[in-house]
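My structure is below; once you've seen it, I'll send some questions.
Chain naming follows the written order as A, B, C and D, and within any one chain the residues start at number 1.
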Amino acid sequence: MSFLARCDGFPRHETRLRVRYGETDQMGVVYHANYLVWMEIGRVELVRSLGFNYKELEQVKGVYLSVIEANCRYLYPARYDEEIVVETAMVRSNVRMVEFTYRVLSADSERLLAEGRTKHIWLNRELRPTRLPEDYRQLVLPE
Amino acid sequence: MSFLARCDGFPRHETRLRVRYGETDQMGVVYHANYLVWMEIGRVELVRSLGFNYKELEQVKGVYLSVIEANCRYLYPARYDEEIVVETAMVRSNVRMVEFTYRVLSADSERLLAEGRTKHIWLNRELRPTRLPEDYRQLVLPE
Amino acid sequence: MSFLARCDGFPRHETRLRVRYGETDQMGVVYHANYLVWMEIGRVELVRSLGFNYKELEQVKGVYLSVIEANCRYLYPARYDEEIVVETAMVRSNVRMVEFTYRVLSADSERLLAEGRTKHIWLNRELRPTRLPEDYRQLVLPE
Amino acid sequence: MSFLARCDGFPRHETRLRVRYGETDQMGVVYHANYLVWMEIGRVELVRSLGFNYKELEQVKGVYLSVIEANCRYLYPARYDEEIVVETAMVRSNVRMVEFTYRVLSADSERLLAEGRTKHIWLNRELRPTRLPEDYRQLVLPE
């Protein structure tokens, strides 16, 4: 259901989900803000596939991955009960920030539904910018 | 836009909100889980009207109001852009727990849309049951 | 990942999901309204396992399953990234209404996190009560 | 609580809301996807202030305003219970599309929390691109 490849030097991951009823709106399609939720699922699963325990990073180290920018282009509406593929790539990563790109597709038709990009910085418990702790770096930083 | 009355000895409050687009689903009406969100707005505004600063209670005292039970009966669907009235009553309150009832109405038609009830206990930062700090008691406990 | 059994004559189903970041709140646990969303995932997967295509029922027949009552007891908080099991049972079903019960558990600890119950009626496109179309009945009605 | 001005030829509007508990996440601040929900509230109130009944447009004319692009830069976190100001400007509008920009501020500190931009096209009931009906044009199109 998912794979990990380091094509072009970028960590990539593919995750799947099914559209929930509550994610639709009265237009009969998925409400646009929910694509940002799906993109988050994509990046969480990407870093998990790299051996990175984000939950532990928050709890033990008090370091948080905060969104500083999010962009999404909506190409075709997703519908209730549809199986969705989120392809995520970590296109930039250093001790201060991380950047991801996303492709959201229909699993059946393979039609591209949306494309996105998010930028993030690492924050400490006081929500001030910080550096990713050393023992996590080799997992997400290019050698 | 709101009032405070202690009818029957119960603190009561009325608050208003407008249905958001993202709160609807593809049935064309408000998604049922959102009524619980509205009931929360109702109880927050009720305790605020009593001079109770819930945000400060969390931050300074580390005391949280946790939901242990929620019930809702749905009578008539709320629709996008409709103005909604949430009538909240604090029907029970002691140092360990609080209970609220709610009536959700359409502001225009005054039609009753839903009725609900929630039970809560006070928790400390470790999410263990605790007692409401003394200096907050006179605000929400019957004399 | 899921199974179907007709213990006690009731159709049952078990489905799994992982807690999303956006489902937590500042108490550090899952926001209570999201359990209603999970219960919906449970009943959708239950009826799917019975060979019932709910999406088609809505689109082709114009028949909707509307929540008329929802109850939830919260026993222990669910946390970010935890794997959750939703056990759903269809405890009552006739041509006019359906009733489900739910148990929400932590997949790892098998601890019971919440219990719930929802009641539903079938509605037509005008959101008036209707009867479940004949060709769907044998799937969800006891013989 | 709100005003309408046509500075620089662009319709503008300011609307206020209070951060809901369920809008926070375990980082203790507002979950990032909710800013898109707030931006929607901003544009709905902007077009309402222009005398434009969006709900009626959907119901009577079967014309929908669909998001085709959304961007948000997050500058400073919004917190629970904070009063928020959403300043919306309609920076482009023709018979096929509309574009809005947003500034999200803290009402108390007047600190800028986020900036955003959304692009939209008009769709018909089949979710195909369409033109805004004539009788709505004078409300949102520059003379």
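A few comments on the model shown:
One rule holds for everything that comes next: contacts are C-beta pairs under 8 Å (C-beta built on N, C-alpha and C of every residue); 3 or more make two chains touch, one makes a residue touch a chain.
If you're wondering where the values come from, they're calculated on a predicted model, not measured in any experiment.
Each chain's centre was taken as the mean of its CA atoms, and the one lying most distant from subunit A is B. Of the two chain pairs examined here, C-D and B-D, it is C-D that is joined by more C-beta pairs in contact.
The distance from the centre of subunit C to the centre of subunit D, with each centre set as the mean of the Cα atoms, comes to 34 Å. Here the CA centre of subunit B is 25 Å from the CA centre of subunit C.
Distance between chain centres (mean CA atoms), subunit B to subunit D: 27 Å. In subunit D, 21-22, 26-29, 33, 37, 40, 80 are the positions where the chain touches two or more neighbouring chains simultaneously.
Interface residues of subunit A facing subunit D in the complex, by the touch rule stated above, are 26-29, 32-34, 36-37, 40, 58, 64, 66-75, 77, 127. For subunit A in complex with subunit C, the residues that touch the partner chain are 20-22, 37, 40-41, 44, 54-55, 80-81.
By the touch rule above, subunit B contacts subunit A in their complex via residues 21-22, 24-29, 31, 33, 80.
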